[in-house]
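Pasting the structures here.
Presented sequentially are two complexes of chain A, the first with chain B as partner and the second with chain C.
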Partner chain A sequence: MKALSDDQFAYLLILPLIIISLAMIVYPLAFSFWLTLNDVNFGRPSNVYIFTGFEQWVKVLYDPQFLSSFLITIRFAFIAVVVSLLLSLGIALLLNEPLKGRGLLRALVIVPWAIPEYAVGVLWKYLYDADIGLFNGILYVFHIIPGYTTLMLESNAVELVAIAYSWHMASLGVFFFLPGLSFISQEEYRAARIDGAGSFRRFWHITLPHLRYPLLVWLVFLTMESVRALDIILTMTGGGPNLATNTLSFIGYKQTFQLLNLSPGATLSYYLMFLTIALAMVYFYVLYRPKKKAD
Partner chain B sequence: MTIVGRIVRYLCAVLLIIWIGLPIYWMFNMSIMLEIETYSVPPHFIPQNPVDFWYRIMFGLPVTHQLAGAVGVMNAALFTHGIYNSIFVALPTSLAVIAVSSLVAYAFGRLNFRHKNALLFSLLTSRTLPPISIVIPYFIFFTVYVPLYGTTYGLMIMYFITIVPMVSWILTGYFASLPIEIERASRIDGCTRTSSFRRVILPMAAPGVAAGFLISFIMCYNEYLFAMILTMGSEGATLPALLAGLFSHGTVMPLMSALVIVAMIPPVVLALIFQRYITQLRIVDPVTTL
Partner chain C sequence: MSEVKKEPEKINRRSYLKYVGAGVVVVAVAGAGAYYATMPAAPPTTPTTQTVTQAATVTQASPTATVTELPPSQDPIHMNIWAFRPDIVDANSKIFAQQYNDNVKIELVAAGDYNSVVEEKLITKVPMDVFYSGGQYYFRAGRAGWIEDLNTLPDADAIKKDMYPNFLDWLTSSDGRLLGLVYFFEVKCPLANMDILEKAGLADTPPTNYEEIFDQCREIKKKGIVQYPLLADWNPVWNDGPYELYSEYMNSPKGGELFDPKTFEPIFDTNTYLADLLASWKAAYDDNLCTKDIFTLSWGDRQARFSSGQHAFLVCDEPYDMPTYNDPTRSKIAGKASLVPLGTGPDACTSWGTGLIGSYCMTKKDRGPEKTKRVNEFMEFFGWKDKDGNYRVAKEWALQTNLQSGIPAVAEDPDVVKSFISNLPYRKDKDYAILLDITSKCKQPKWFTQYWAIEFIYSLGTWSTKAVSGTVSIKDAITGMRTDAENLIKQYQQ
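Entry: the complex of A and B
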């Protein structure tokens, strides 16, 4: 058999991926785009499909819920990203230190990620719960509150859900950082210590540059996941209390599967996708510095 | 190391254990109480009369307590069938995912070819599509054109196409981190490209491949939205789809707790077994290492 060139061999290997991308990206995108150009509503007894052109794209923007949902989505994603990032970096640094029982801890850390996201929603719902919640119980036992209260209010619901979401996601982040950390040589730290660099400067000038790429991958991944997060909202709040956690993703879900109104959902999804791509590009622009080739 | 530093370190470790363990403990704690006890104020941090009542109901075993209400909602046969479906979907899908992904990741991590960066970026953008916009077209496709709605096969296809880009992306960085000298040496010693891949690269990449399998399995098993939309209330209903039904009807909290505890056992056990492979999943920029 004639030897293949690098190009041919590579394309042979990624051929399945190209087919999958057609199925996973091109077909849904094309179909959704068709949906946005029509008013498709299975809730109507007749006239399910009505061609409307670009009307949906404008209508969705003028929907009073859109702006508030957009802000809720950004707020949720921002808190989830910051909290998950700090947590995962902190835990990774801790688990990189010599500790008795470190192996066991490293094994345990993955557990919150292994728990399904919908289950995480239920788990934390029961922690915050007004009747049987653990946090209420602890606050009550220590006499911080006189009686059980509703902890999840309209004002803080987004934050509470974001913390639960971070509990789930941070444990995956640890595994983005740990391998990178263990490859940093102790020599570098020793040299810096001799030069009089404090622990913060060692972290800033040695640890962080080594983690630049995992950090980028993790930030992009985390942002994409939290902007489109849906399971946890479905099982934990259902968009409530009083629409406080009504993210774009959740509106899209509600429009599509409860009101059977497919077009606004599809249009929202497009806006959501633009938002995610824009955020990912910002990360690349800020964080991505391709190194010069070594050889 | 200073004493203070050591104390702080162990204090952090204890906090970490509490942070991870407390939510799970609370869930378990409630799952072994009768409903009346869960409402006690102050709460019982340790149950006074632990019972296996809810677990018995879940699996259809005879119960000693006579409680009406919740019992009617729970269909034990359906539940065990759901667990079976979930595992039966996740296992073959993950095998297929890992077979395709390791080839793709090898190509991206180890070879230079035209349009590589653009293709690599398309891997990434596949994750930006909101799940709803993927599931609606397939929901219609599976109901109108190909009769796969409500079957586990439809779900397998969905999971396969959504997880391959993700796992390929993670493994690309891993393949790029493997030392290239060994591969070059094997080529000089007369290995063809395919035999070098099979005999040199794959054994080196085994931990990464194992981690990819784990990630894929957990993502399949844990996926909620697709399962709910495509299989809820049908023969092919997986565990999340069944739970979604219970969530929407509302059920007593201890039973819910017990269900969630049982649902999370398989992925957690797998993660604990395969955890050390994930720790080796080093991620390196595939664009600049070649």
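Entry: the complex of A and C
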């Protein structure tokens, strides 16, 4: 019997996974897409689904709430990505140093990630609390504020929630960067020092290039997660104050599960998916450009 | 001599299929083994016995009931509950199982959005026979055809006679279907921290309407007693919505219903009391009577804050929280949390708050006559009387958790009255009289019965927040609410 080629063999090996993926990914995608093409109304039990074509796609796109939520989502994701990246890279660089107790620190640093996002939201909500919050207490004790005050306002709610989210995510990023850092040869740093390169130049020209691919993976993952973040918003602000943290993910959840508007909810999910894919493509283009061939 | 690299042997189709087939057989055998290993054991020859202790004397018999746990049947009664004292539900379900020779499976929705989870279960038709519901949700479920009309219960007439008439009204859909039985009743009314009011010299002059509550808060703030005396319920973002808004509107002599009670057309506009109501809220917000994060506070947040002792009035809360506020291990205002009595006079509110029912609902499906009989018995056990004719479950909720009952015979039971009074330590009997007064006069908006009620509540919350925070004018906010209402009515009339 003719032997299979390498490609054929590879495809056959992943065939079970393809079948499972079709069942668990493609079917829900197809069903949710079908929902976007219908007016779904459970208050009309005799005719729950009425086909409307792409009407919902247009209606959602032109809803003023959509643009507002889109901008809030971008703002939230941007802050979360930047703060998480700085935190995770900083902690990874620190943990790469020969510190005493480094092993224990490396074990402890994963704790924020291990806490469920819902619990992180509850924790940080109480940290920011106007009556009994720890941050208020610290600011008051050090006479920075004359009395307890509302820290989470409409103007800064996105930033404060993003900081809480970054605290949760950054510890995972540490473990994306640590392996890459450990593979960088110390000889390169020594040579750079001899050539007079300061710490920033050593970081920019030696450390960062070695972390290019872990950085790409982490940025894509982090951005996707930030754009879709929901639990932390549900617990910390419920989309408020005054819709200030009404991200696309949150209003999609609200429409689908609380208001039972399945069609706009599904449509919002698709727009969210397109946004996530678009951002991932930008990262790949910027960070994954193949090197130019030498002349 | 260099080593010749040997090419790995390529697998052919026959071998591949042989290995895959072997793998499938292994998985199937392992799965079957796991299935049979986890199957329930054969029925024991003698039933196991355990003792279920109930904290209060529910019947004339001893509080400790010996329950014989029967072998599980293949088709238990499924009940979904939220995470409040599941131990009480579990204990009572065992007593039911013993009395009726049945078995019950309790499923707890442990955290998060209970109503959304249950509605998902209703849509996807997972096995569920009885579930908790509340507020507007059973009306929505009724309209969608997800729940049974409980007028079909064998003892429906007797049950209805046993209930408070207004509660019966609140459980009945606009086409006359009984959508649930009372699990508990609550009225979201103002609570006061009497310690602060005493310090301000206001303990003997209770407010008679919501504007007077705000005025007293101003006085308290001016005297420097606390920084944020007002703990309002303006939260637009959770399922419950801004209860304070329809409470104030409905109970104020200048307000009323937002929708015509018969046609459900909106009857509010920029010229109605709603504009004044929002203006008073805005003034309170601008005067810093409350914290600026007031719009993000959930029920649990407000509880924690009121317990901290830093607020004079909690404008919309449930009296069943009194054991928490008066517990010195959990609250700094223990002994000083009290109800605000209803006033008299032309400007006084006709009542405080909005009445709400937590209910037991039965899913609508074809169970067959035998299972239907069993589920009916279960509904009546939890929502009315047990097999011995005692109001077992309702009385236990009242005694153990301070939940008000929908049945006068339970609410007026001497043990229940004594228990309620013990949780009102500030004015004891007088506070209990205030509670009865508020309960007997409280109302529920008629438009709660409409399918679009939950969506409209979301709209109310969103627009009122924008108006109070100054993002839009009050006129624009009311116009927005009205437009949303008209659109929803049109959408769901199709």
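Points to keep in mind about this one:
The rule is short, and it goes like this: the second predicted complex is superposed on the first by the 274 of 295 C-alpha atoms of A that agree within 3 Å, B and C clash if a C-alpha of one lies under 4 Å from a C-alpha of the other, contacts with A are read in each partner's own complex, and residues count from 1 in each chain.
Keep this in mind: a contact is a pair of C-beta atoms (placed from the backbone, for glycine too) under 8 Å apart; a residue touches a chain by one contact, two chains touch by 3 or more.
As the structure is a computational prediction, the values presented were derived from the model and not from experiment.
Ranked by how many residues of chain A each touches, chain B and chain C are led by B. When the two structures are aligned on the shared chain, A:118 is found in touch with chain B and with chain C. After overlaying the two complexes on the shared chain, residue contacts for A:41 are found with chain C alone; chain B is out of touch. When the two complexes are overlaid on their common chain A, residue A:280 makes contact with chain B while staying clear of chain C.
When the two structures are aligned on the shared chain, A:148 is found in touch with chain B and with chain C.
When both complexes are overlaid on chain A, the residue A:260 reaches chain C alone and has no touch with chain B. Once the two complexes are laid over each other on the shared chain, residue contacts for A:9 go to chain B and to chain C alike. Shared-chain residue A:241: touches chain C; no touch with chain B. Using the contact criterion defined above for the overlaid structures, shared-chain residue A:132 touches chain B and also reaches chain C. Across the two superposed structures, the residue set of chain A contacted by chain B and also by chain C is 3-4, 6, 9, 118, 129, 131-132, 147-148, 257. Across the interface of their complex, chain A is touched by residues 9-10, 12-13, 16-17, 19-24, 26-27, 30, 38-39, 41-43, 45, 100, 103-104, 106-108, 111-114, 116, 119, 122-134, 136-138, 140-141, 160-162, 164-165, 168, 173, 192-193, 218, 221-225, 229, 240, 243-244, 247, 253, 256-257, 260, 263-264, 267-268, 270-272, 275-276, 278-285, 287-288 of chain B.
Chain contact summary for the complex, chain A toward chain C: residues 1-6, 9, 12, 41-45, 118, 125, 129-132, 147-148, 150-154, 157, 236-243, 254, 257-261.
Residues 10-14, 16, 111-113, 115-116, 119-120, 123, 140, 143-145, 227-228, 235-239, 291-296, 298, 301, 304-305, 308, 310, 451-452, 454-455, 458, 462, 465-466, 469, 471, 491-492, 494 of chain C are the ones that touch chain A when the two sit in their complex.
By the touch rule above, chain A contacts chain B in their complex via residues 3-4, 6-7, 9-11, 13-14, 16-18, 20-21, 23-25, 27-29, 31-32, 35, 91, 94, 97, 99, 101, 105-119, 122-124, 126-127, 129, 131-132, 134, 136-137, 140-141, 147-148, 167, 171, 175-176, 178-180, 183, 213-214, 217, 220-221, 224-225, 228, 230-231, 234-235, 249, 252-253, 256-257, 262, 265-266, 268-270, 272-273, 276-277, 280, 290-291, 293.
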